[in-house]
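In the two complexes below, chain A is the common chain; its partner is chain B in one and chain C in the other.
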Partner chain A sequence: MSLPKRSFDTLIIGAGGGGLRAALQLSQADARVAVVSKVFPTRSHTVAAQGGVNAALANVLPDNWHWHMFDTVKGSDYLGDQDAIEYMCRAAPRVVYELEHFGVPFSRLDTGHIYQRAFGGQSRDFGGDQAARTCAAADRTGHAILHSLYQQNIRARTHFFDEYFAIDLLSDAEGYFLGAVAIDIASGEPILIEAKTTILATGGVGQLFRTNTNALVNTGDGMAMALRAGVPLQDMEFFQFHPTGIAGKGMLITEGARGEGGYLLNGDGERFMERYAPNAKDLASRDVVSRAIATEVREGRGVGPEKDHVLLKLDHLGSDIVKKRLPGIRETVMAFLHIDPAETPVPVYPTAHYTMGGIPTDRFGQVVVPEQQGAEEAVPGLYAVGECACVSVHGANRLGGNSLLDILVFGRAAANHIIDHLRDSRYHRPIPDGAIDSAMARLARWNQQGKGESVPALRRELARVMEDHCGVFRNEGVLAEGRKKVLELRERMHDAYIDDHSQVFNTARIEAMELENLMEIGVATVTSALARRESRGAHSRIDYPERDDVHWLKHSLFSLDGDKMDYKPVRMKPLTVETFPPKKRTY
Partner chain B sequence: MLLKGIAMKFSIYRYDPDQDAKPYMQDYELPEKRVEPGMMLLDALLLLKEQDQSLSFRRSCQEGVCGSDGMNINGRNGLACMTALADLKQPVAVRPLPGLPVIRDLVVDLSQFYNQYRTAKPWLINDEPCPEVERLQTPEQREQLDGLYECILCACCSTSCPSFWWNPDKYLGPAALLQSWRFLADSRDLATEERLNDLEDPFRLFRCHTIMNCVEVCPKGLNPARAIGHIKELMVKRSL
Partner chain C sequence: MLELDLLLRDFLDEGYAALDDAGRHQFDAMLDYPDAVLLEWLMGRIQPADKDVAQLVATIRSTAAG
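Take a look at the complex of A and B:
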């Protein structure tokens, strides 16, 4: 069977900030770039990022990249790779200035410089006083960045395949990646997109959990494509629960709300973060604050008739600050809770937010796999950037403001690496016969008529199981039962059918393929969590409450082949400075 | 209106060119046990889609920032995720955004809308050498962009505008013109002349007859009509 074929130097799957930053760099270098996205680019989830992007500009308080690096390493609970973290923190000011030159409407200080706010886990002088490192456009920074990057890409004439869904990657017998098969959602027509290099930039997998801050499109498509292509996923047990999702609903309330001076209260009206983090208080790292909230609620000090949440107090800031610095969350709270956060505290609870794990890469965005006991080697032709990747700059816990930074720095770095590579690879490698067969079979599978399990019901059940069995606090029994349930759900998916067989804008079929992706990543997440017998960052084992650097200062790798776990060392050596050795982590 | 304890009725526009000779309205009911207080229209549509998988619409963020789920709700354009069910008269009539070709059900072809957006050159133009740091902008200069940069491209405004219905290929429409003004108003942008020249035409800008539907429906509370007024003022000033 043959498909209509398009041919490019680079194929980018995903049009969030990571994909668009890479695309812009490549287009400006006159490479032929195709961006495939299942939604129109400005609908990608980067648009929902609120608080800002970290860079040691020192516009408000003294700062430098080395302090930023220290905070990121400490925030990662020492699981972050220190070479990549040094690279990211050094590059941060440059990528933020570039954004400003692209037209991003950053908020401004009276001096005319970019406004910077305090965020969680930030310090001056290696663990000293609070820093102000997060560059913000009010509380709509992601929107401002994504739209500017899209606009610059139109100007640079990047080629967009809007509302195309990538089904699977293509590779040859020697392991080179050659592009992907995608489907035009509007017409239902499959297409082969051939490329010398492919970048996965498909974002995270928040839809794995019932209550989450993520968009419905965050189904981990790129991670699952990588798994199916034989690439392992790294550190999947580390899933970030954001301390302040709107309780029971999940909409995100930015950490910037606490950065601007907001704080949390329990059912006794106590500012309880003072007990958990005497110095940083409400601006401790996210894992610390989320555990504190969950502990308050478990111990009966929650708020409300069910005592099942806490309150985020902002009313003391004055309505001017709330309206000027936090207009977006004010709008959200008013729409969904019918209260004004400038007057009434907001009910919040830790909510699934960010996938620290993902496709293993080096600091050039190249996908890397362990070569039989030896050093890692790069997978030829395949890159991953942003939330779907695991560089790893976030380790076991990401700092607020570092995700927008991650997508910009590594989107750009991957593109630069590819530009070098394209100089030496003039021609496309031939696509072998049968390379598209598995992708086409995956598509055809959902055209089968029949009655059985329902796709939306399975998706809901998976999200419920993950929330109940792989949440803020975990233990052996709960995880083992969760894993059993997810494996059963994966089996049951074979009996699932859809009853919409139209070729035109068939969203039921897209959702079915998203469910397949979610299912593989669910298995990866719960299997990795069950295996790691220690507590580190976002992974809190009640049965193993301490961090265990002797046995577990290492990255997990989950492979689909046999659902097996493997491990690799953390890169402790930075590029130019001294290693930050693991220390007890207090805030 | 309290939502607890009542079933909700919907009448939804259906059209699948693969199967249907022409569009029709289909009745749906959400049983009372599925109706919850505080529910938004999008929550209801997602549940209806579980009953009938063939019902097609766009959606993503569920909180009014991605702009995917613009549709016509009881005769008014809005975002399904930001429209409270409790505020809607039953049966809730849900149709695709008006004036654009329908691909299927509530999904419209936005190509013309995006083309006009691109025509507005929605990017910063400043050909001076880039400084090593940020370009400076005072808080007051930056405030000029408030109410402009927040546009989510949901197309609610342009598809509620009769001038855009009549000339979607020639009149830029409120969303694209809001972008024109967003860059004209930016102290860092140096292409004022070029931008105004591009709009000097009987249709592109001047087909706005201040009908104000755009202001009425914008789910982000933006005011494209005022932005268009500012552009017209600049045009007049320049011609004097």
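Take a look at the complex of A and C:
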């Protein structure tokens, strides 16, 4: 079967900050670039990033990249690769200045320099006093970055396939990646996009969990495409949660609510944090509060008809305090629950926020895989950047302000590497017969008529199982049962059908393919979490509460072939400075 | 972003069908605004200057499932 074909130097799948930064660099170097995005580019999830970008500019307080590097290594609980972290922290000032030149309206000091705010986890002099390292455009940094990058790409003549959904990658027998098959969501027509190099930039996979902060589009499409193409996923057990999201909906209720005197109640009306943290109570660290909430619910002391959440009580603070000091929280609660937190307690549950794991890459954005148990080798023609990738600069936990930095630094680095590569590759490699068959079969599968499992119901069930069995409460029994359930769900997908077989704007078919992607990543995540018998960063095991550097200072790799785990060493050696050896992490 | 996804999805499921042709055109036109603007409107932080858009925003806000 043949498809309409378009040819480019580089295909980028995903139009968030990482994809657009790479696209811009390439287009400015006169490469022919296509960006495929299932939503209009400026609707990508980068738009929701409020915090800012870390860079040691030293505009507000003394700072340097080496301190930033120390904080990032420590924050990663020593699982971050120190060569990539050094590279990122050194490149940070430059990417911020570039953004400024692209038109991002950073907040400023009276002197005219870029304003920098202090965030948790930022220190001066290797763990000393608080630093101020985060550059922000008010509370709309992601929005400003995304719009500026999109406009610059239009100027640089990047070609956009808006509202196209990428189905699968194409490769040849020698393992070169050659582009992808995508479908125009509006017409339902498939298209072959041929490219000398392909960058995956599809973001995170928060939709794996029932309660999460992510946009509905964050279904890990790039990660799943990589898995199906034989690339393992790295460190998928590390998922960042916030203790209090609006239950079942996910929007974040910041720590500020508890800082102002709010506290948590279980179904018996008990202020349960007193049992878990007698001193700090509701202001205990994030992981302690998260696990306490999950424990209450697991032990049957939840609230609501399904006893699946707890309550955050704010009404005792009085209407004036809530309105004056917590206006944003009040707005969110009123918009989504139609209750006033000044009068009624708010249903909350830990909410999934950020995917530290992803497609393994080196610091040039090249996807790398272990070669026959030997050293890593780059996969020819395939790159990944941003939240879908695992460079790994975040290791076991990400610092606030480092995710926007990650997408900018490595979007740019991948593009620069590709520009060099394109100089030596004037022609496209031939696309072998049958290369599109598996992608087309994946599409055709959803045209089958039949009655069976419902796609939306399976998605709800998967998100529920992941939340219950691979969320913040993890031990051998819970994870093993979770893995069994996710594997069963993946089997049940074979019996799933959709009723809508039309071509034009068939969102049911897109959602079905997104669910296939989520299923694969669900298996990867729960399998990796079950295997890692230690607590490190965001992966916290009740049965193995300590970090175990002797056995577990290594990256996990999950392969779809046999659902197998493998491991590889952490790159402890930075580029030019001394290694930061693992130490106990205290803040 | 999640907030807009949920508010607009609920409206499409619960309220869109009740709009007349003019209302549907207006909804379509409203979606051309950037996410940050839509969020300010739908969270009730800012009133749209256009009276008809303000009415539509109020309808969407009241439709969001509780």
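To be clear about the criterion, the second predicted complex is superposed on the first by the 481 of 587 C-alpha atoms of A that agree within 3 Å, B and C clash if a C-alpha of one lies under 4 Å from a C-alpha of the other, contacts with A are read in each partner's own complex, and residues count from 1 in each chain.
Convention: a residue touches a chain if its C-beta (ideal position, glycine included) is under 8 Å from a C-beta of that chain, and two chains touch if they have at least 3 such contacts.
Model, not experiment: these values are computed from the prediction.
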Name the contact category of A:Ala48: first (chain B only), second (chain C only), both, or neither.
both
With the two complexes superposed on chain A, say which partner A:Leu216 touches: chain B (first), chain C (second), both, or neither.
both
Comparing chain B and chain C in the superposed model, the one touching more of chain A is B
Contact-wise, after the overlay, does A:Thr158 reach chain B, chain C, both or neither (first, second, both, neither)? neither
Inquiry  = By the touch definition at the top of the document, which applies to A:Arg140: first (chain B), second (chain C), both, or neither?
reply    = both
Touched partner set for A:Val504, first chain B, second chain C, both or neither: first
Which superposed partner A:Met334 touches (first chain B, second chain C, both, neither)
second
Problem - First (chain B), second (chain C), both or neither touched by A:Met251 - result: both
On chain A, the footprints of chain B and chain C overlap at residues 42-43, 45, 47-48, 140, 143, 147, 215-217, 251, 331-332, 335-337
Within the complex, chain C is touched by chain A residues 42-43, 45, 47-48, 140, 143, 147, 212-217, 249-251, 331-332, 334-339
Listed in rising order, chain B residues that touch chain A in their complex are 16-19, 38, 49-50, 53-54, 56-68, 82, 84, 103-105, 107, 109-110, 114, 118, 121-124, 126, 130, 132-139, 141-142, 145, 149-150, 152-153, 183, 186, 188-189
Contacts from chain A onto chain B in the complex sit at residues 39-40, 42-45, 47-48, 57, 96-97, 100-103, 105-114, 137, 140, 143-144, 147-148, 151-152, 154-155, 186, 215-217, 251-252, 328, 331-332, 335-337, 454-457, 498-500, 502-508
Note: in the complex, chain C contacts chain A through residues 1-3, 5-7, 9, 34-36, 42-45, 61, 64, 66
